[in-house]
């Protein structure tokens, strides 16, 4: 009986206080500021850059390696994302537009519908249904749409999206994906979208 | 410990025809069969699931586990015996076992069930309280590095649902089941099997709720609004099954209570002599019986939405979230009066006995309780003022909501009339009753703020409303429950609780409670919404203050638990039969109570509250000749 | 009613009157939200003030009675328990009490309904229409500035149908204007709470929930979500909203329209029924 | 505590029972309890009927009956409701006869059981071949499935209960001693039949 209670208590504690690890931004090789490299996958089990074999939900869509990012205050943060997931489509096409990033545009090397590699700078994605995910920090007004990988693209390839934004004063800001890409009812904001550490995270500015 | 010690009547007579294989049914078989049931249900769900959301197996698993648990406890024996014609040997209410073991078995003895309820409810309260402590810990800092926001919302949801379980059963369950038969003078309930069922549905509900984190928990709060609940993982299935079980418990206990109070009152126990506590239980049972089925139906709809892909609550497919909000609150508002009506009963009962005056305005008090019972059916949309459901009806619901303060005011009037020029002895139960009056006054007044649509526009869904219902439920009902425990504990367990520590407990709990929850009104007015894992940095001082006092409040409950355990198991002095020198019938009986309530059905000769009335006869004549009409209730079972 | 009753009652009444006056005077000093940035906010502030003032004497009276009876009507210590006078009730007193509470309740209800019906007529029609999914009155209610509030997990966006359905992340409102909010949601139930404006309305998927506000003073205000909507419910707050002068609003909305020009937003509709693809499910 | 019936031993005698009733008390308690329980159960179905009319009046996204190709299959519904009514009527007749003529009561109960089992069978068949695709959603299909299935579940429970009465109506059984319970069960069956009639009307004619 006591053993059972101890087991329950242990489980409860690990459940309540489980918190994803923190990824500290690295200084950029060129120019000033810091950079962060992320990967978005349709299922954690088929991650390429940052495999996470011990994850309890190998079939969940997720940002990798972690979603707790630490960056310095009052500096330029460059984020490059390997987007390996297909398109889910936006519910609110307003989110097809990039906002709050330096220059108002993000750099993207991607594969078009024919599977041909393309490179370019964009301020928004013309087709709202082509979004795979998005990277948004509401309190900093940052929003970047991530193009879903084209069906014609070669297997194992990814779209690479790079953008920069300025951080202000210190604080903890949430960031999330605004594309309903989780499971759970037709509203699509289930499991990975409502669990911390998958399509949700915090940006620790200090 | 033993509520009713063994009655030494020699070895049981076993006729040769009865020597058969013994298949015992007790809590162990119950747990074993529950495990089997979960496995079977899960397999069934996996094979028949219509979608791959994984809810079918969990829901079926929980359902089968609950049913098999009840079978293992022994609820199937009687129906099976009736079905296959095995002989049913009459046996006195209660069971074969003595000592602690009988409390882990199916028992039809209302005394045993009362104690079972008491222990189960205290444990559930502990779980819910731990949840509250974790919540306050997480709110020590405005941003969530302590507890991740999804875990935080799971904590909030489990705390709220667990405490709703407690609040809806913690008075009618322990004290209603234990004392109503004594107060109305019968040896048994009308439907002892339903009574036992109403208890044994509770442990599975608690366990299933506690199992939610295994499947990721749920983030919907106790209101379980759709479509948020449609997004939730299998953790939400715990909410569905657990709440359904509690709803069933409310219904069966209500059917049993109402029938008992209507039909089994002993001779002389007229409706106008009924103790006010019984009236409280009666009105709460009315609400439970007829409101809980609505919840059960709504939860069935949620389950169907999650398993067979119906769309009751999905507005883009012909359903509507409004349907859930209406059904839920049509249950949910009577539900909160299920909490508070028996608390009114307890407090008025205690104030009478410790003021040593008759209940002032007995009939008015009854009218007040029944008035609340009636009105509570017509106010549910005040939870939906902002929702856009039928705005044209808002004036009506505003008015009906404020109407409720009239019968509530009657309760206060009756309490004051009773205390007027009384001889008040400040015992621990009386202290908690007065604490109830104070806290519930604040809860009620803040409720008026919330009842007007314009003011509700600012306060709705904020910490103000959260503080409001914590003042009514914690400061109100929980204080009443604690008062009742201090008051009736000697009669229930044969042990007196330590009164000195009781007084310390009261002041500790009262001060900590008010200092912890009063600032939350301010937090609500300073635009802090409910159920938030973060808040404005400017509110951190206030939230830290609240958290600290919440911890102190929890410590006071720990002190209470220690007092209970120590006095119950480690003091060996049997309590006096009537420590409070009260007039009501349960105190005319010896302590510890006999296994049978009454050797002869009592004849009630006076009201329970005739203090200071020289011409008043004692409440009941216990030794009187058994009345033929009802006497058959008390007669020994005919040996078959 | 004996002489003793009278003395006790007199003492209580005097103490109650004095303390109530003091309490009311204190209550009148308390500053209550949501402030005076809109007529609705002003009404709510004054109503909250009034309720505080009304409930103060009640609170004082009850607490006073409890304390007084605890000290005055005490069981004599040490001696054997003695009973109080057996009084079973006083019908006239009970009737009076019920009458008084009923009057207070009626008063409050009248005040509340009055405050509600200031714009009730078309409100009720409009959003009872809207609740039926028809959103019938979205365009029929005169010269109000229409603003659509779209709740989504976890951010509010705002569309201005009068300006080609331009969509914005922040809520800017012109001062001295009657505004008609059309609150809806694309996923779960949110609640649009503009704190300083004294506006709150649930955002339900498939429902056009209409509420009104008349701005009277420029200044920033906070928008929060007041209904549990998932993991980031607590973070669903935005302080970068403001009531601005007409000129500023015109320039701002022009900028928003320019930003939106290259987006292909859906045509303005009172409600949006989302049919997103189901993924991983 | 003078004397004491034998403690229970062995499977049949494990059954825990409370003190015996005097028949007249038994009758009164059973009657009152039965009406209260029926009232509670009625509230359960009221929720579903409310859902029917509420969703019908909202008709969100015009999806009340979008998936509907042809009209509801009234024949099947008529058979189901009719069988339940017949079964309830037979139970009621049997319950009235149980005190004096247990044998005929038994016959009535058996017939009622057959009718009830048939009713469940038809119901299962109807739910298996729905004239619409439930996964496409819709208000009417949801209420149809929900109401029909909860009604069927309650009917299955009632049929098990009926089984006990069949046995108790035997000469050795105690229905003769406790006719009140049989009558109460009869009333419950009539209530179920009433619900099935109302739902028949609502689901097949008022959509």
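Remarks
The chains carry the letters A, B, C and D, assigned in the order they are written, with residues numbered from 1 in each.
By definition in this document, a residue touches a chain if its C-beta (ideal position, glycine included) is under 8 Å from a C-beta of that chain, and two chains touch if they have at least 3 such contacts.
Computed from a prediction, not measured in an experiment: that's the story for all the values here.
Legend note: the chain whose CA centroid lies nearest the centroid of all displayed protein CA atoms is B. In terms of C-beta pairs in contact, A-C outnumbers the other of A-B and A-C.
Chain C and chain D have centres, each the mean of its CA atoms, that are 46 Å apart. For the pair chain A and chain B, the distance between mean C-alpha positions equals 46 Å. Averaging Cα coordinates per chain places chain A and chain C 37 Å apart. Chain geometry summary: the mean Cα position of chain A and that of chain D are 54 Å apart. Counting only residues that touch two or more partner chains, chain C has 131, 187-188, 205-206, 230-232, 235, 273-275, 281.
The residues of chain A that reach two or more other chains are 174, 182-187, 189-191, 193-196, 200, listed in rising order. Residue positions of chain B with contacts to 2 or more other chains are 51, 53, 149-150, 219, 227, 231, 305, 314-317, 320, 322.
Residues 42-43, 59-61, 88-89, 91-94, 96-97, 99, 123-124, 126, 128, 136, 138-139, 141, 174, 176, 178, 180-196, 200 of chain A touch chain C in their complex. On the chain C side of its complex with chain A, the touching residues are 150, 152-155, 157, 167, 169, 186-188, 205, 230-232, 235, 238, 259, 262-266, 272, 274-281.
Taken together, the chain B residues at the contact with chain D in this complex read 7, 9, 12-15, 18-25, 50-51, 74, 77-79, 81-93, 95-96, 106-108, 187-192, 251, 254-256, 258-259, 262-264, 289-294, 296-298, 300-301, 304-305, 308-312, 314-320, 322-323, 326-327, 594-596, 599, 629-630, 632-633, 635-640. Interface residues of chain A, counted against chain B in their complex, comprise 8, 11-12, 15-20, 171-172, 174, 182-187, 189-191, 193-197, 200, 202.
The touching residues of chain D, when paired with chain B in their complex, are 1-22, 24-25, 28-29, 32-33, 36-37, 39-41, 43-48, 50-51, 54-55, 58-61, 63-66, 134-143, 145-146, 149-150, 160, 163-164, 167-168, 170, 172-173.
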